[in-house]
Amino acid sequence: MAILVDGETRILVQGITGHTGANLAARMRDEGSPLVAGVSPGRPGGRMADAPVFASCSEAVAVTGANASFVCVPARSALDAVIEAVAAGLRTIVVYAEGVPVHDAVFMSAYGEARGARILGPNSAGCISPGQANLSDLNERLLVPGPVGIVSKSGTLTYEVIAELNGLGLGQSTVACLGGDPVVGTSHADVLKMFDADAATEAVVLIGEIGGRSELDAAEVVAQMRKPVVAYIAGLHAPAGKRMGHAGALLGSADENVPGKRAALAQAGASVVPDLLGIAEAVANALTPPRSEEARRTERQ
Amino acid sequence: MAILVDGETRILVQGITGHTGANLAARMRDEGSPLVAGVSPGRPGGRMADAPVFASCSEAVAVTGANASFVCVPARSALDAVIEAVAAGLRTIVVYAEGVPVHDAVFMSAYGEARGARILGPNSAGCISPGQANLSDLNERLLVPGPVGIVSKSGTLTYEVIAELNGLGLGQSTVACLGGDPVVGTSHADVLKMFDADAATEAVVLIGEIGGRSELDAAEVVAQMRKPVVAYIAGLHAPAGKRMGHAGALLGSADENVPGKRAALAQAGASVVPDLLGIAEAVANALTPPRSEEARRTERQ
Amino acid sequence: MDLLEHQGKALLRRYGIPVPDGSLWPERPNAPGGYVVKAQVAAGGRGKAGGIHFAEDSAAADALARGLLDRKIGGHRVDAILIERRLDIRREDYLAVALDRDRRCLTLVHALGGGVEVESLPPEALTRVPVDPLIRLRDFHIARVLEAAKVEGETRRAYGEVVRALYRLVVAEDATLAEVNPLALTADGGVIAADAKVTLDDNARFRRDTPDDGDAQAAAASTLEQSLRATGAVGVEVDPDGDVVAVVSGAGLMMATLDLLVERGHKVRAVVDLGGTVLAGGEVLARVFAAVAAAGPRLTLLNAFMQTALCDEFARMLVQAQEMSPLRGRVVIRLKGRQADEGRRLLVERGFQVHEDLVPALDGLADAARGR
Amino acid sequence: MDLLEHQGKALLRRYGIPVPDGSLWPERPNAPGGYVVKAQVAAGGRGKAGGIHFAEDSAAADALARGLLDRKIGGHRVDAILIERRLDIRREDYLAVALDRDRRCLTLVHALGGGVEVESLPPEALTRVPVDPLIRLRDFHIARVLEAAKVEGETRRAYGEVVRALYRLVVAEDATLAEVNPLALTADGGVIAADAKVTLDDNARFRRDTPDDGDAQAAAASTLEQSLRATGAVGVEVDPDGDVVAVVSGAGLMMATLDLLVERGHKVRAVVDLGGTVLAGGEVLARVFAAVAAAGPRLTLLNAFMQTALCDEFARMLVQAQEMSPLRGRVVIRLKGRQADEGRRLLVERGFQVHEDLVPALDGLADAARGR
């Protein structure tokens, strides 16, 4: 059934009358994604991308049954927008804005957790279950439905992995982008647990990077998982003390570097690949049952 | 296994160096209840009722594994004490204080809910699973282990019901007192759901009173329950506009009166008794399988 | 504690909410456009009961005020009258910040068309905006009220400030209700609280800097209730013509006992919850007895089922109290709980009618009522 | 943004935290007991690196300050010197309020014995008190620090106020770290911040009333990084001796590309994340190119995999940028994504070496590096 977004998802775009919001809403409509409403406190009424535009999230939820929100407002408005979304009962919330103050990220994460909402971001590209719902800025046409779950901080890096997977005929169940900021609402570990419980996912690709403990915490989950995990950690050669594009990608304490994270994941049983280009093959190997491997060897003899 | 408190419960008394706290702790020790720690920010160190006294809940939890707290501090300190207990990871928290400001009750309820702690009170007599753990001011010697769960606002009224049940040989799984204040952390409905899922409980006594919607919300749960519920609502003849001893027992809107609550519960399938004295017999009837009723009729013939 | 209108408006003003110019009679504001004369009683439906009048000039206002003084409105004696400048009202709304005990949060409540009892409005006419205590009031909550109020421009801004200030008042003053009914939109664009009903939480008295005016509440309580409150027990007057008083060891049991008595045909004068006084000694209990005795019941039922206090000690307190301040009429005692056997023995020795269980005690009371 | 010590202490003082009397040289406080002379650089281990000195009198302090000026301490040039009154320190603690990104909360951090790098302390020497953002700082959080600090009486009260003020500062100023190391307990019972390291969240600049001093940060950034920041792209200098620059269409891909290049034996001068500039037009891209060209790389890899922007439009921008501000040396382009076929065609027409996939592009770069 996929995770985070699926056939039951009904999408609301907060900030739908802004430039980015309008573009994304139009793309959702064109892709056939389940966009049901927009919110624009300043310009309610009317329609955008065929969806009605409301003054508040609670009104949008009451009228349209929206249950997921793509928050597409300026960074300084993100906290209020997310709190409103959580309070209105939206369950999956993507915070697209870059440059959100970290204290705001802290509070929205705590509040979402308290009220049972799942927040991706800030600075998240969103999540997508191809063929079901696209709550992301990824281009759905690039994805193929299939058995591989992907969890990553970054959206752009994910494209590369998706293309490689597609090349080997391996489609995706859900792609979840956590966001590149130091504090984000959802960790790798959270998503791994969801993938492990998801009937549509057979293997998981974990893409990590330097900075923070998200991948180290994820290792503890990997050790408990029934499904194979292929992991890649970016930033082995990142210079110390510099932010690598992501506000969160800053080399910190020793075990938060690439070797530390690789070691923890490998020890937990993940198949750790040294570079981006080996991911798809490692997934293919993980999905090939050892028995048929034997069988093929027998055939070759 | 009982609800709220059971064989796994490890009790902490907050305010153990106060008069009431010291008395209750001594009684817990004498009864063999699982008291493991006390907290007294002003007078840490030493022991009370054989339990070590700590400066903070988190220290007490770290050292003793306490998981339930009896909060026995003055009303004006109750909010901070409960927040500390929740933040320290205590899961079942009884707020014994009377006279807690209602805004404080609102915040502690919200925070407990957000962090997965179950709060009884303010102004709650607590909860007890006889033979397992006593997190209440009820006298354990009066109770007998058995199959009947009791949920009530008041402790004193509960004594009457327990005595009547004991008279018919019907022991108790857990007795939960919600507290007599207008805003309390746990509702009748919450406890009914727990009883319905509890293997040790075969029938439930719901004692309600005028004021508030807790019993009306409970009726919706009763309709979904597999176990029989016997309900009694106090305050049929309470004069309008007067608080009946409990701050929360104030006749409000029309369906919050006794006939409204009785009707809702009866419609949901509860056996509603008109007065206190009929409760035990109704429980006995509910626990007698209809088939053996027939059998007895046959015998009589 | 329910504040009177003029007290509530003084509080609103402190939080920046516009209220009409006004003062307590015999003072008067300057009001060329006429006056409103309002009896200050804590009763609903004051207008219908003749408590609110309009006057064209100050002489008429004075005459109306004089006529109201000492009258009874809704069962309350009028001893203060508020004289206000009359507003040029274009529209009236209902606005309140109220504690929702069941959802455990404060809720903004709004309706178009105020001035009537909010309970009389159909539910769909009300906009209810619950405010999660974890996030407190945010702009989006206010925006929902403003959408419902259909206000624009400067009026929208002023209206929003009233909502914000009313919420702030409720939080800072520990109020359980702050109701403005009606909130007046005046011809000159003002948003003014034309009435105010504020209820403060007595439990939060210790942290409120507003001095408390206990008079209003005391006035609402009957003499029996007042004198019992001084002892630490809680009394509830039920029927002034009743002849039975029930004194009970707990709030829940008190309610249940009242129901049992009425259902058995007794006319109940009052019920009393002893609460913590069961531990406070014979002298305190004697004061409870004195208060009950002053109400002159023909029959008294003492219903105690105690597990925290000891029944034998309580029996000794009862004996002492009965000596210090004897209850007149017949007294039936039900005593059960810890060390109750010894307690009942002590009481029987002193000639009380004592039972262990409730049903025989009720039967004994019925016999006593029939004069047996 | 990391504040310098004297900026941090000015902020602490605003929140009521005691700091030693001090001023920027050549000003001096009145200090009969002697001086501390401290180089103002944003580097750790200043003391060991010779950035902190003690002086008995003002003449000695002046001499030391003059000696420090313009020296390099921990790679930073000293252009400000703080002169403080020397404290009579009885004990030194470590105290900080720090953002814990993984637990998503602020955390109070305390250790007995400050003055050393906190990372060098064993974990059990640290008391960490996480503060749930839903409840913010409460007395019980502070009490846990005070228990760890083992302070009593007036010192306990003053210590508690420092903890409270430091937390307030972090929240109100949107700081991610406020570290006092050491917090000095003086012989006369004072609790004084002897050092201060404050990091402010740049994203919250819009709501901070403290004026921002961007100089410190700019000084830490290299010229290439500075000039790229002005374009909206993000550059990261890797190895000053490197001869390859990678320009990439996203932060994650930039990191991964750097790893691929280094693992294949390239010496990388810098990597650049184009970020939003891929949508900003040829002129902006030309400015990115100009900044890269100024760094004089022998080889440039342009790695773009784009799904939001269109590859053919991006190709046109590239062509325009290359005309306006040509990249010197060899350029290898990888272009994939929406309308990439057309994009690659346009670039090939202009003579660029273009690939669709990353592996051939990397091979092409390797060939170019070998001069093929």
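Should a chain be cited, it is by its letter among A, B, C and D, assigned in written order, with residues numbered from 1 in that chain.
To be clear about the criterion, a contact is a pair of C-beta atoms (placed from the backbone, for glycine too) under 8 Å apart; a residue touches a chain by one contact, two chains touch by 3 or more.
Quick caveat: nothing in here was measured; it's all calculated off a predicted structure.
K.L.:
Enter the minimum step count from chain A to chain C; a value of 1 means the two chains touch.
P.N.:
Minimum number of steps from chain A to chain C: 1.
K.L.:
More C-beta pairs touching across which pair, B-D or A-D?
P.N.:
If we tally the C-beta pairs in contact for B-D and A-D, the bigger total goes to A-D.
K.L.:
Where the centre means the average of the CA atoms, what chain is farthest from chain A?
P.N.:
C
K.L.:
Quick one: report the Å distance separating chain B from chain D, using the average Cα coordinate of each chain.
P.N.:
Taking the average C-alpha coordinate of chain B and of chain D, the gap between them is 54 Å.
K.L.:
What is the distance in Å between the mean C-alpha positions of chain C and chain D?
P.N.:
60
K.L.:
Counting in whole Å, what is the centre-to-centre distance of chain B and chain C, each centre being its mean C-alpha position?
P.N.:
So the centre of chain B lies 27 Å away from the centre of chain C.
K.L.:
Can you tell me which residues of chain C touch two or more of the remaining chains?
P.N.:
Residue numbers touching two or more other chains: 132, 134.
K.L.:
Give the residues of chain A touching no fewer than two other chains, as numbers and ranges.
P.N.:
In chain A, residues 111, 114-115 touch at least two other chains, as defined above.
K.L.:
Pick one for the touching-chains graph, please: line, ring, star, complete, other.
P.N.:
other
K.L.:
Chain pairs in touch?
P.N.:
Those chain pairs which touch are A-B, A-C, A-D, B-C, B-D.
K.L.:
What residues of chain C sit close enough to touch chain B in their complex?
P.N.:
Residues 99, 101-102, 104-106, 119, 132-134, 171, 174, 176, 201, 203-204, 206-207, 234, 236-239, 249-256, 258-260, 262-263, 268, 273, 275, 305, 307-308, 336-338, 358-359 of chain C touch chain B in their complex.
K.L.:
In the complex formed with chain B, which residues of chain D make contact?
P.N.:
These residues of chain D touch chain B: 132, 134-135, 138-140, 143-144, 147.
K.L.:
Which positions of chain B touch chain D when the two form their complex?
P.N.:
Residue list for chain B touching chain D: 41, 44, 55-59, 80, 83-84, 87, 111, 114-115.
K.L.:
Of all residues in chain A, which touch chain D in the complex?
P.N.:
Those in contact with chain D are residues 75-76, 99-107, 109-111, 114, 137-139, 142, 152-160, 163, 180, 182-183, 187, 207, 209-210, 212-214, 217, 232, 234-239, 242-249, 253, 274-277.
K.L.:
Using the touch rule from the top, collect the residues of chain B that touch chain A in their complex.
P.N.:
113-115
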